[in-house]
Amino acid sequence: MTTQTAPKTKIKIAYFDFTSCEGCQLNKLNLENHILDLLEHVEIVEFREAMDDKADSYDVAFIEGSISTPTCVERIHDIRRRAKILVALGSCASIGGINAMKNLQPIEDVREIVYGEDKYLFPTLPAMPLSAIVKVDYEIHGCPMSIPEFLQVFKALAMGKAPIKPDSPVCVECKLRENECLFDRGMVCLGPITRSGCDAICPSFGQFCTGCRGLVPNPNKNAMLDILTDHGLSLQEAEKRLLLFNSYQHPDTFK
Amino acid sequence: MSKNLDINVHHLTRVEGHGNIVVNMKEGRLEKAELQIVEAPRYFEAMLKGRSFHDAAIITSRICGICSLGHQMTSLKATEDALGLELSEQTILLRKLLVNGATLQSNVLHVYFLVAPDLLNAPSVFPLIPTHTDVILRALRMKRLANDIGDIVSGRAVHPITPVPGGFTKIPSVGELKEIRRRLVEEGIPDVLETVKTVKALAGGIPNFVRETEYISLKDKNEYALYEGDIYSSDTGITDVHDYRSITNEFVVPHSTSKHAKNARSSYMVGALARWNNNYSQLTDTALKAAEELGLKPDCYNPYMNSVAQVVECAHCAEDSIKIIDQLLEMGLKDEKPNQTPTKYGKGTGSNEVPRGILFHEYEYDRRGNIVAANCIIPTGQNLANIDDDMKKLVPEIIGKSKADITKHLEMLVRAYDPCISCSVHLLNVDFIDDTES
Amino acid sequence: MKRYNLLLQNIPDFVKHLQAQGEVLAPHTKGDNSFSFDKVTDANNVILDYNRTLQSIRKFFLPPTERLLNYSLTENTFTKVEIENNQRIFLGVHSYDMQAVLKLDFNFSDRTPEVNYLKRRENCTFIGVSFEPDDFHFSRSVGITVEATEGFDIFLNRHENGYEVQVLTERGEGIIKGFNALENAPELAETNRQFKNKIKFNHNRLPEVMEQSWKSPVWDEVAKRCVGCGTCNLVCPTCYCFNVVDNVDLSLKDGSRDRHWDGCMLNSFAAVAGGENFRETLASRQRHRIYRKFKYITDKTGDPWCVGCGRCAAYCTADISIVEIINQLSDEFEQNYLRKSAAPAEQII
Amino acid sequence: MTLSTQEHNPRELYYPEMAEITAIKQYTELEKWYEITLPGGRDLEHQPGQFAIFSLFGIGEAAISICSAPSKKGAFDICVRKVGMLTEKLHQLEIGQKIGVRGPFGTGFPVADFKGKDILIIGGGIGIVPLRSLINHVIDNRDDFGRLVILYGAKNPQELLFPDELQKWNDDPRIEYQVTVDQGSPEWQGNTGVITTLIPGLDLDLDNTIAAIVGPPIMYKFVLMALKSKRLPDENIYMSLERRMKCGVGKCGHCQINDSYVCLDGPVYHFPDIKNLPEAI
């Protein structure tokens, strides 16, 4: 009997990168144990970091990095036109991530701090997630993108179904793993309002959640700030911690 | 011989980040030979301002996913220097183990997936999977092992989790370390030896090009310097890490979003070849044997040999990791908490050898432990001027070749440096501009 | 009932005696300040003196993630999953956690008895241990004393030099047989440990309080502080809601249908496709959580479905205390309903 | 204390039975009708209003109402709206392929108690699906019941389900059938307006009329108000509710409405039983 839910043909995929550390791509290359299995289901048609080829169209484009220059804007429109499904890979692409921290300061100051009087040589825009410019079909969160989530989305796409989008907070995964809560170890953690899907990897390794996967839908930010200040941060420090990866969502970023 | 040449490699592939190679020759006179860095600027120094010392390494590790461990280590060292945080011996050993793992990982990735296709005339590693399955599986196995060192000790090889100012948030278990040791002995070392054979077989494809330059790296009295040491220049000798600015002398050039650097000459080189030239005698025996096998000799002035030096370092890192694990097991692992109580506030500098060369971070902290000023100097940035100088010497030497050949030579040259463009902002592209009959 | 005396120094031997008869699960230290029930590998690591484990022993009957069935996508067939029911001895269980297991027994055998849970409950022996109530425990307020022995086969009641061993069932006798380092002991004086944390009203009045609390402002007040992290659900020993997801292997040939713990405090717990969310606000979710513990099942069984372990408060990231919520609702009830009917306060408490 | 579980008669609740798709019709862009045959043509033995849980391996499960009457033998029908993962994949299946079935679950309409009564069907959108089972039951046992009044509302004419049957209902002299759409189209000649606009004009024998209501969540409030103003007694009203559902057997907790489980106590509810449940409507 033929398979009803398994894929029938290889899907064509392409990888692109914008302003980012390329850690998500690398993280993907780090799928050593899985990479040959993955290649069973896909044909990689474009991937600048690993190969010379270029392609005209793709079933799925995986895109890493934020939009932060006028050239980025042109390129992402072009990719969107060629891609049936566009997936944002990692925090930079899905929520602006670390890059968006620069948006918190007036852009001229930022350029001055880094390039001094030569600042006018390099044009820059506020750092934005892809969704600020084009329609994004799915997002894989995390900095770097979480491998379990990548595999989950990848498998769903290969099977032609919509991936599940995790919308509960990291605390849930912490509880499923029976981790000691970091607040009980005197640390402060963003897990309560950060989107899960990473398997609570940071708390499981004793480090606080930095919020790299973005916030859950309808986060109770004020309650979170109260928690952080109750645990010793000043309000300013608490906000800064919250903004580490989530500056793009902050109302002050486009002053 | 064509008198006019115009090469323009836009967004060079198989390097990390975005860069263009632009070479422009008019009537036999080289007008331009440069690596343009077009990566979007990221402004990390500005982002760091006002952040807590807990966040500094979290942020700077995001400068680059490939060198994330290197940035993290350097950042932690700068913070610890500034805040006067003492480290335990265990912490230092675990960090050295991590640095070995990251170097091994990065060198394997570069040699197998980015350089090897050039030597085999393939556009990427993917077509090699069916034809060279064993080699690819070996490369994947080595990368997995190297990454597992990262996963076990630091929680995650990319953007590591557990290393924090003053120590680690979680210590690996004895069982995990023993398992890594077993794999290093049973797969790691044999795979490295096989790698040496593979690379030796391909070494004929490495261009023979020589240009003497200044080599800068860390140097330590006790060991092959990757994590600890002073700055050493083959021209000017030892300099204290705190005086790094006297060595790097950064300057902005219009064709690069990444700053350039120079010391005694118009340019200098950092990375595996610089480390080899400066510190080869401190490598492990297996590494030295590998070097001999591969024909890498001290004071090697061929930048293409950087990839070979990386292979030699793979042997060193694997062997040295076994030593470190033995030392840790002998000491007995302690469940230590990180030391995060500052004894002072002020300026601090950290330096580390990352796969692509020497890296510097410098921070200044206020009395609440928040950053007032920050500066990061990245290896690829330091190499850029040297790459331009290499191209200037190389192009006239190979001008008789076809344009495609010249382009390939240039691309290979840039790749040999294993440039990390995200680091330097994100870089690379060769632009040939050719308006001759050729 | 037989009583013996077990000296502290003989505990490791006692654990070894148990290990000879089955898998022993007991509290161990976890992290800096926490405890967890785990399989005993070294008798010396068992901790009998602990405040509470992060997760109760429900995790052994309703695992955090559990495979419901395996399937083949290529064949479009499934295979059943074997459910383990080997001999297990739970050592060092507190009375409230035992009560929670009895409650889950009810939930999983009521109306549609579920083999997955029930089979895992076979062949279990429970050895209880007393505890010193801390700031969060309030089991007394829901009718469970420290020394409550219901459900246990053996109960260890702590005294100065060791434990008074109460052998409560035949199974308990069987387990203890052959362990010689026990002394016969006279009955301990009634200990009846005191709780600092208390619900104001007798628990049998709480359904009545809840009856009047649907529109209470307390829900909104709590919702302001709550981040909706679901911790309170996920650590509660009487919570058992779950989600089911299909997971496939990377080969895309085989997979499994798995269930994992879920919680009614979480965003999409009551959301359906199309966007309707039947419990959209944190206030309505808080109310549902509390009603699950003190009204809905209670109306049917007569018992509170909270066992007073204090976990939801102890681990709440926002320091929200269930006892405070109940007491605020009770205060409100007292003011709005009882004062009016002028009933003397003593009768209520 | 070990539990002697045998006395509880524990059951394997989560294993589906593999059934075959034996017929498919596409009604609208989003809705498809399927005939499903259990192994050996065994009857599902459901009551009108009950549902089953359908599954595809690798995709998941979903609760779907049975829309054929129990009198249909050897197979049963469902009608599925494509809204997400499972329903989307289900729409791609073809005749002869197999899907997993668990059930039937939940309460049905107590048709035995309806004998001799007038039946008023009020279906909004996809709510007509579970009602079709009841309608067909009444049609198949026509003499057991009084009047059969069907009010059916949809967003627009293209979304009307069971088009062939609608025509039959319309033509059958013993069925009083009225249909309305929220938004008409140029070809549409019938009523436009929400379904509640059809209620005031009804002439009902109040004590002898049973109303069965199924529709989207917001419809209930308005229909109930309209029926209340007609003075139809609450005891004569039945409705079917929908909630998120993961197990279908009263364990997973998702479908709870206050203390009631839709999968066990519903989906068909007698209105008096839920009118005091604040979360119900």
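In order of appearance the chains are A, B, C and D, and numbering begins at 1 in each one.
Note that in this section a residue touches a chain if its C-beta (ideal position, glycine included) is under 8 Å from a C-beta of that chain, and two chains touch if they have at least 3 such contacts.
From a predicted model like this one, the values you see are computed outputs, not experimental measurements.
Any chain that touches chain B and also touches chain C is listed here: A.
The chain pair with more C-beta contacts between its two chains, of A-D and A-B, is A-B.
The centroid of the Cα atoms in chain A and the matching centroid in chain D are 42 Å apart.
Averaged C-alpha coordinates put the centre of chain A at 25 Å from the centre of chain B.
Chain geometry summary: the mean Cα position of chain B and that of chain D are 65 Å apart. Chain A and chain C have centres, each the mean of its CA atoms, that are 37 Å apart.
Touching two or more other chains at once is no residue of chain B. Shared interface positions of chain A, defined as residues touching 2 or more other chains, are 1, 4-6, 159, 164. With touch defined as above, residues shared between interfaces to two or more other chains in chain D number as follows: 57-59, 84, 97-98. For chain B in complex with chain A, the touching residues are 11, 13-18, 38-47, 49-52, 55, 58-59, 62-66, 68, 109, 113-114, 117, 123-126, 129, 140-141, 143-144, 147, 155-159, 161-162, 164, 168-170, 252, 254, 257, 259, 422, 426.
Residues 1, 3-7, 34, 37-38, 40-41, 151, 155, 158-159, 164, 167-169, 171-172, 175-181, 183-185, 189, 191-193, 216-220, 222-224, 226-227, 230 of chain A are the ones that touch chain C when the two sit in their complex. Across the interface of their complex, chain D is touched by residues 68-69, 71-73, 76-78, 80, 105, 107-116, 118-119, 121-126, 151-153, 169, 171, 214, 240-246, 248, 252, 255, 257, 259, 262, 264, 269-274, 276, 278-279, 284, 288, 291, 295-297, 299-300 of chain C. Those residues of chain A lying in contact with chain D across their complex are 1, 4-6, 159-162, 164.
Residues 30-34, 36, 54-55, 59, 64-65, 73-76, 223-231, 234-235, 245, 248, 250-253, 260-261, 263, 266-268, 282, 315, 317-319 of chain C are the ones touching chain A in the complex.
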